[in-house]
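Quick heads-up: structures coming right below.
Same chain, two partners: chain A is paired with chain B first, then with chain C.
Presenting the complex of A and B:
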């Protein structure tokens, strides 16, 4: 069994975090510049979240399976959790298909420097948003 | 037997003779090709006089292709060179892409063994059957780009099929100990200073032009295989990244885990890192894509700096190692200056890793007062001083002033400067470490330590497997999930050495273009091209034997356990960042490794190990030593 007991718990954590990212100009401005619409398809437990950077402000939509995403990222909730700590070997996860990325690779790669500040944000967010029990990796 | 040209050239530069030697089928089967052939031939040439200086005529220099070289296939253009290294004094080899290897095969040769030394500068001319030693006096002193252009112009070859060159620049001629061989303009056989071996032999260049074709044993099956591999390559994110931005993709990926050394290995993070990343490269210097023979991956890029102090015309762009070593290692955020440093190294014929690491070492020495401005002709060797970094690169290539000291490599330079200079070294066995931090992945530390050629991330596939670009679930002995730290890294290294010898040293696959291939696919491709019926087990036994042979040769040249240690700099835990507090447990890993590998406590293969791997000749030489 993974770290998150159910979809509701994980959804609260991840959507809350994406909303924080959306409100952090240092990261959000760069994501908005990409104009990407990214759908995260999580499993164990199942959660779907769209991060839409094509508008004036980043929109985070939980459960959106209809939006036409430019990038689809699929992974387990545990891998996602570890990723936001900066503790996933990205190359290995992609080679082993623990993370599956579909879409324009050059555009996906450009997101990496943009999201780098989030690795320190995530543990702080867990502690300050009532999810400190998940501040483990 | 498919894939092979069927003969070698033996060229004695002292006597001025050229002999063609047939390739024996059993030899081919037992050693596959590439460094598998070269290490055998090298031992054969030195066995009667195993102690010699790297600059002595007795040092055999061997160029060798693999059975796949010249077959149009992703990641199969590479070929190898080897000799005793002037930088380390141990076994030296380098692996290079481009077109030279394929052209040599098309001319009818699997490789060449070059011995002796010419009395005056020569080049080797090869056009199919015609092989000649020719006067190179008019090219001596020229940089590699100029010699390439002049040689092709002087030969009057037509543009459609003009052949290819391999040459040294002023650094090789001047015996800079990390001099490289440059193929055409920018494919470098960089590591271990083998360009200086050519300098000592007065060999300036090789020109090769071939009109034949390399024929696989089973062409129909190969065609089918290519179709199957097409889907595999299309699905690979790693390959897509290589196509998009090349090896510099790692600037964005490696920084997350702390893999990129910064400020001569003193940091793993830097607020100006993005100035050197793929986005900055695309915006500021990118000028197109390039590839190697028959490879659709096209990971190589071109660069241009249109103006300013680092102006350069369109030419090969710096790859990841070069960007890191002249950029992050020196706290230099100017990607234009990194491109310029790359061009200088290519033209002068120098290994960018050793050159850049030696400059970072010099900057730290300068910071601590071990080098003063009076020693540098006024150059302020401060962190991030792009102009000084470029000026020092030129000085090293020309062996001018302090450049002459640094041209000896950082280990010898540390002995020259004295004091605490040795604390700033990043060398193992005298070879400057590449840009991957073992504090992030401890297996790299063991790989650097025990590699026969010194600190090297390509002497086995440890870097690829622990780093994650290769996924080899069908390779026996690999732990599915490595625990954090140093545990199980000895076994990882052993398996990755055995397989790596086959994959990138014998076959000779590219570690980038071949990244989606499983072990099963590798065996399939080798059998399809050669017509042999190798099993994976048989190939791994060949790989194991080759690793022990190379390790044994380095042992014959004097390397022992003390030479398998990481330098202080790489063992210093960092206070913060992704690798905070982490250092590889070298004692644990070495003890486990020696046991699994069958090495003595001092790190040389035991007589039992040598006998079990059909290395009796090496055992005899150890007895005599």
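Presenting the complex of A and C:
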């Protein structure tokens, strides 16, 4: 069994974090420059989130299975959780099939330096948003 | 220091031997397919390399159900879809690719749709999109450069959106790679030099990259030795099967190495130079390799010092910094030698790059997907130095 007991819990954590990232200009500006629309398909537990960087501001839409995504990333909630701690090497995770990426992967790789600040934001966010029980990896 | 984690996988069976392209049919029995669709291009066909292979296989009881001989220089979505459709229509059970990187990449990508149907872009573009093995794929490289015969990736040009699509999956690895140096003797000298320097760049960058591993480094070292000791001879005397064979093996080892450890700033710059000034990839790498190595000198001093003897530098007893600089100088000497033999460009200005293009090239290099694997961060400001030096 994974770290997150149910979809509701994980959805709160991940959507709240994406919203925080969307409001952090240091990261958000670079994501907006990519114009990417990314759908994250999580399993164990199941959650779908679209992060839409094609608009003026980043939009985070939970449960959006209809939007035309440019990139689709599929992974377990636990891998996603570890990733935002900076503990997952994306290319290795792809090679090990811990993540599956559909679409232009190089565009995702280019974003890695831009999202580096989020690795320190995530544990702080967990502590300050009432999710400190998940501040483990 | 050992990496925290790495993995190494090569499911491709590799055969090496002069004349083997006409003598490998017994290997096909293991693959469980007797009907193959043949993929190549007009240049290879005109050299007479395709018909002999097809005829020999048919003499041995295999069926060539059809041929697609129009793979363009940049394998396109259109040609990939045509290959898959024709292979299916003719009742093929497997694919046989004879050609350079473009032909092999086209065959790899076509195998997605040939095996599973669906849309190449919507269903398979990306990484790790497959759940099971594809149909048998046999490849016979006719260049010694990309190493695509043993890499788990393919790059296909999407002409509709004017972009290059990347596909990466362990199931893309061909089942069988036949390395026959006789298949590369018709390669012109400049192409031999450019593709060979492309392979050398793969080996060097995989060796020092942030995802380097003991396995990829072992192969990279050997690749560097094979290529640096044989490239000039292969360029000068294309009929020398020993030199041709060493280049084929070196490029193959380099391909396996970078398929696991990726490449770095030389490729970042080369991709940008290709996009902005249309400089062929191998030539761009040849020009930029010593300058990219110099860019990484501080981070890679020990690594370059270790490689120095493989580049032919007599660095015995030298301080690591001196030995590393000698390695870089050896690469410069090598490209100068190739310039003398076959006019391989050694400056960007000689390959069609204008000085005012450099800032844009630097920005594109910073954004390139390979930059994150470079041991030193690639910024547009700092990468201008090697670009200006290479100009």
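Please note the rule applied: the second predicted complex is superposed on the first by the 137 of 137 C-alpha atoms of A that agree within 3 Å, B and C clash if a C-alpha of one lies under 4 Å from a C-alpha of the other, contacts with A are read in each partner's own complex, and residues count from 1 in each chain.
FYI, a contact is a pair of C-beta atoms (placed from the backbone, for glycine too) under 8 Å apart; a residue touches a chain by one contact, two chains touch by 3 or more.
It should be emphasised that the depicted structure is a prediction, and the values quoted were computed from it without experimental measurement.
After superposition onto chain A, partners chain B and chain C are found to clash with each other.
Contact with chain C, but none with chain B, is seen for A:103 once the two complexes are overlaid on the shared chain.
Once chain A of one complex is fitted onto chain A of the other, the partner contacts of A:113 extend to both chain B and chain C.
When both complexes are overlaid on chain A, the residue A:95 reaches chain B and chain C alike. Of the two partner chains, chain B is the only one touched by A:86; chain C is not. Comparing the listed stretches 42-50, 60-68, 78-86 or 330-338 of chain C against chain B after superposition, the clashing one is 330-338. Under the contact criterion defined above, the residues of chain A that touch both chain B in one complex and chain C in the other are 89, 91-92, 94-96, 101, 105-106, 109-110, 112-113. For chain C in complex with chain A, the residues that touch the partner chain are 5-7, 123-129, 163, 165-166, 168, 170, 211, 262, 367-369, 371-373, 377. Interface residues of chain A facing chain C in the complex, by the touch rule stated above, are 71-72, 89, 91-92, 94-97, 99-107, 109-110, 112-113. By the touch criterion given at the top, residues 237-238, 240-241, 243-245, 249, 252-253, 255-257, 273-274, 277-279, 467-471, 515, 578 of chain B touch chain A in their complex. Against chain B, in their complex, chain A makes its touches with residues 86, 89-96, 101, 105-106, 109-110, 112-113, 116, 119.
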